[in-house]
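What follows is a set of structures for review.
You will see subunit A twice below: alongside subunit B first, and alongside subunit C after that.
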Partner chain A sequence: MVVLGFIIVRGLKPFFHSYRETLADGSLAEGTASFSYFWSGIRYNNRFDFETHHYLYGIGHLIVNSLILNLYTIILAVPTSVLTALFISKIAPKPLALILKSGVDLLSAIPSVIFGVFGMGVIVPLIRAWARAWGAKSASGVSLLSGAIVLTLMVIPTVISVSVTALDGVHKEQMEGSLALGASRTQTNFKICLRAAKSGIFAGIILGVGRALGEATAISMVCGSPIQGITWNPFAPTVTLTSEMLLAIGEAVPGSMNYDIRFSAGMVLMLLILMTNVILNDVKNHLSEVNPPPFFIARIGKVMKKGTLAVISSFRKSWQKHKAEKEKKQ
Partner chain B sequence: MDSLKSEQNESMQTIFAIRHLNLYYGKKQALHDINVDLYEHCVTALIGPSGCGKSTFLRCLNRMNDLIDDCKIDGQILYHGTDVQSVNPILLRTKVGMVFQQPNPFPMSIYDNICYGPRCQGVRNRTHLNELVERSLREAALWDEVKDRLKTNGMALSGGQQQRLCIARALAMSPEVLLMDEPTSALDPISTKKIEELVMSLKERYTIIIVTHNLQQAARIADYTSFFLLGDLVETNKTETLFSRPSNEKTERYITGRFG
Partner chain C sequence: MNENLSLFDAKESKKIERKRRMKDFLAAGSTYLFSSFSLLALIAILVFVFSKGWNTLSAAFIVGDYNATLTSVTTNQAITETTNTFTYQAKDGEYFAENWGLAFTDSTTTEGNPIVRLSYVDPYSNTTSWIDSNTGEAFRPKVGEMITVVTLCDSPAENEIKIVSGNKGAENMAANFRKYNFVKNMTANVGGGGIRGSLISTLWMILFTLLFALPLGIGGAIYLGVYAKNNVITRTLRNAIDMISGIPSIIFGLVGGIVFLPIAAGSGSSGNLITGSLTMACMILPIIIKSTEESIRAIPLRQSQASLALGASQTQTVFKIILPNALPGILTSALLGVGRVIGESAALVYTSGTAIKDVIIPTQGSATLAVHIWTLMSGETMNYGASCAVSILILFVILLLSLTVKLLSLSVQKKQKGK
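On to the complex of A and B.
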């Protein structure tokens, strides 16, 4: 909580505190960061606006790029880890399953720098070769796709091990019930086991997404650092909230705009992770129960509707009272 | 009387003929040299003290014991004259359905629960599935209770309804035989009564083999009763005969409550 408060206070500072700095071209700037450009801008550290006295730091593209990178990661990671988990839990013979399980647990303990180094040394060259073969315009292989692959490698151990636990917990009676109806093993695995374990599997995916959204080191090593813009192209370099925060942090002077704005980006990152978690948890709860509760979002909507109606009716009442009194006077 | 009995026996078709069945879990022998005929369109009850091998025997009939790693079977189980070990287990299980002790509906809607088996066999036609759902639920005496909420989750039903859903699910495959392993032991008396009535009404179209611990239940619903003891099949007889004039002394002691 202390950390949270600290980040929020520091993160809001650039928008209220006036910073006096010498720009690269020698001119003197003084002002706050522009709040609207912060959200909508697609270029980080654009320039200083002398008319409005605002520093222009945009993170709109960073947010979107973070989400895109995560989307790619989910697309790669979810099928691989769910299928692997199914194999470990239901198909592999016991000794093999045991070996695989401990292997997966081992993988989840590897620090992210190692994944970053592996990505730089192996994935990036591979993507480069692939991009060349396809004729895509990627000179170096440092790209969105490399980032997604490295993130996938990082998150699948977690997702797999949580999913295996969920799948191991599927009741034997359910599987027997399916087999006794003449379903094959494969049909039982996909139609019954996955379905019965879906909320547990989803919990694993939430953990994985949480880790992927917050990952910085490995991404800054394999994704490159374009200055601006949103990219969907898997072969193009990309820059995300986390990697931008790390970028050239050694050269930033503490107390300067360039330094403090990173706290603002951090604040947004936390917000993003929080929101993703709320939404995903909501979906998970929706999956898990026999009579699922309505979506959290829907509940908020209901409360807001109720509140608005209450306000309107109270206004109406006081208006009628007012009117009645007026008539009395007359 | 005796001549009448043999006449009936002859008119009745044998659906399962079990010959010299021995079953081992690892080194432990769970069934000893079982020989018995089970008749079509009859209710056969399997009774006996706990751990005597009733479930084990029942699970041989649709090869559910295949799923247990160290289970080994000797002897023959002839289904319509062919050994079940030589038929495709999936095909066998579509013909020989099973209902378990604990109701085990799948975590999906009532409708999808019923369609599960047929869909696994590739049935996709919507109108056909709709008919199937209604027919099976009617047969399982559940239709009136759930017809307005076929989309609700099967696990949201009461225990007795869940068990009838499981029966409906098995009936949707149009099986010939229904194996039931203590289907009412987890249910209250009213649900139990419903299922008993259901079993009696189903025997016109299906052959039912039911394991039960409740001797009155066996007496009420079964045409034939088999008594198991410690992995042996002690006696098989017409239910009336077995309960009034058991030919084996062990049976007599069991049904009069003197052991087990």
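On to the complex of A and C.
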């Protein structure tokens, strides 16, 4: 909590503290960061606005790009990891499952820099060749897709291990019942086990998404660094919140606008992760439970409604009291 | 009529059966396909890293300095005799200067720029008169040294000089050396590209991190495992610990930059090893607390009760009975933490700087091995050889650590079963 407070204080600093800096063209700038442009702008380091005395740093495109990258990652990672978990837990013979499981463990132990190096050395050239074969434009292979693939590699160990635990916990009676009704082994696996382990698998996906959203090093290596813009094109380079935060950090002077605005981006990243987790948790609850609790937003709405009602009623009460006292006096 | 119907049913059911078989086959096949994918990815990573990095990995690479030392070389006399007593065997890609007894080859610097390296120095080469112009001592060229620029002419008195740059290729360099008999001035790059500094700073980082994290973590685990009652505060604490392990590392970097930098390094600094290790300590605290607490809980209750019954105080029991028995868990957590420290990059970029250094002082920022890779890869030209070689080292250590952790937990399980 203290940490969160620190981040918020530091993250808000660029919007209130005035920074004095010499720009690239030699002119002197002094002012704060523009709050509205920060959310809506689609160019990270735009310029200094001399009329309003605001630094224009926009991260709107970074947020959207982060979400798009995660969407691609989920599309790639969820089928892969769920099917692999099913294979390990139910289908594979024991020695093969053991090999796969230790392989997945090893994969999760590899640090993200090495994933980045691997992505640069193997996946990026592959994407480049693929893009050439399709006639699509690509910036030498550094692209949204390569980022999504690298992220997938990093996320699947988490999802797989949680899903395997969930699948192992499926009751044997349930499976035997399905088999006794004449369903085949595969039908049982897909229709009974997966459904029974749904909430566990979803928990794994939530963990994986959290990891994917926060991943920085590998992404900053394989996704490129375009200056601006939102992209849906898998072959186009993209820039996310985390990669922008790491970009050219070596040249940023501590205490300058360029350095401090990264903390604001970090604050937004934390908010993003929190919100994604909350939303996914809601979805999970809705999928897995018979009587799911209401959505988080609805819960917040309820609490707010209750709160406002309570405040209003207390006001009304005190007003009535006041009135009654007045009447008594009269 | 009845017969007909049953016949029809049999046909239909066979059809349905076949269809179901087909579907089952496809579904089961897809699981095989996708699960082979993750294994393939792992193998691909290992193959890539080893194939690219194995050649770069050497003892000189590990203990060498990152920054090359520049040496300026000059001579006072030209070659007097060109006796061909050199025992040189021609190789592909090498260019030999017969008058000097030196061979050159094309190479790249650690930054990836083209440069000429000495690939062969004959024992009788005409370099006896070469001296280091800074120290005045004799300079004996060695294989592997990079030649940045050299000024050649015919004799010491000659005014007509030829300046040959090291980035024009080895063939050009050898041709010019063959033509001229006197080296007026030469700038040679000795060594460079080694990782000794990053290795040492990684070791420092591990040491400091464990120093900060272990007492805190073990203390927290003892509190949670032994003293804490199950109330709201404890539950909140547990939730907070769970939450910390889910926070991405770049956020830790930011927090470290905000909280620890002003305390330990002063504002305006981009961090040092101590701020980096404080940040890392925060990151591995949840691991240590959880693993230690688990092993504390695994200790049979009768053991600590026996200690208490013998008249030992609660504190004595904790330190003399519970902690020694929880040692495997503590060790496991420490090893996991070490693995985390070795592989971490995003948090350390913010808190301990990205500069690769040769002389490591804990109060100054320097890159660890993972940040070393990041710095190598985020430059203009990427150096796959060196970064893959560092990756091999990191992977090796991490695999070793995870293997040790597995063995440790196995032995603990066996012990518990034995009881």
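The rule is short, and it goes like this: the second predicted complex is superposed on the first by the 299 of 330 C-alpha atoms of A that agree within 3 Å, B and C clash if a C-alpha of one lies under 4 Å from a C-alpha of the other, contacts with A are read in each partner's own complex, and residues count from 1 in each chain.
Definition applied: a contact is a pair of C-beta atoms (placed from the backbone, for glycine too) under 8 Å apart; a residue touches a chain by one contact, two chains touch by 3 or more.
Small disclaimer: the values here were computed from a predicted structure and weren't measured.
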Touch count on subunit A, higher of subunit B and subunit C: C
First (subunit B), second (subunit C), both or neither touched by A:S184: both
Partner chain in contact with A:V117 - subunit B first, subunit C second, else both or neither: second
Which superposed partner A:I192 touches (first subunit B, second subunit C, both, neither): first
First, second, both or neither for A:L269, with subunit B first and subunit C second: second
Which of subunit B and subunit C A:A92 touches, first, second, both or neither: second
Which of subunit B and subunit C A:E173 touches, first, second, both or neither: first
Subunit B versus subunit C as contact partner of A:V64, first or second or both or neither: neither
Partner chain(s) touched by A:I74 [first = subunit B, second = subunit C, both, neither]: neither
Subunit A positions touched by subunit B in one structure and by subunit C in the second: 184, 187
Contact set on subunit C toward subunit A in their complex: 20, 23-25, 27-28, 30-35, 37-39, 41-42, 44-45, 48-49, 52, 240, 246-251, 254-255, 257-259, 261, 267-270, 339, 342-346, 349-350, 354-355, 370, 373-375, 377-378, 382, 384, 387-388, 391, 394-395, 398-399, 402
Subunit A-touching residues of subunit B, taken from the complex the two chains share: 62, 64, 67, 90-91, 93-94, 97-98, 100, 102, 104, 106-108, 116-117, 120-121, 153, 155-156, 166, 169-170, 173
Subunit B-touching residues of subunit A, taken from the complex the two chains share: 171, 173-174, 176-184, 187, 191-192, 195-196, 290-291
Of all residues in subunit A, those that touch subunit C in their complex: 1, 3, 6-7, 10, 79-81, 83-84, 86-88, 91-92, 99-100, 103-107, 109-118, 120-122, 153, 156-157, 160, 184-187, 189-190, 207, 210-211, 213-217, 220-221, 242, 245-246, 249-250, 254-255, 262-263, 266, 269-270, 273
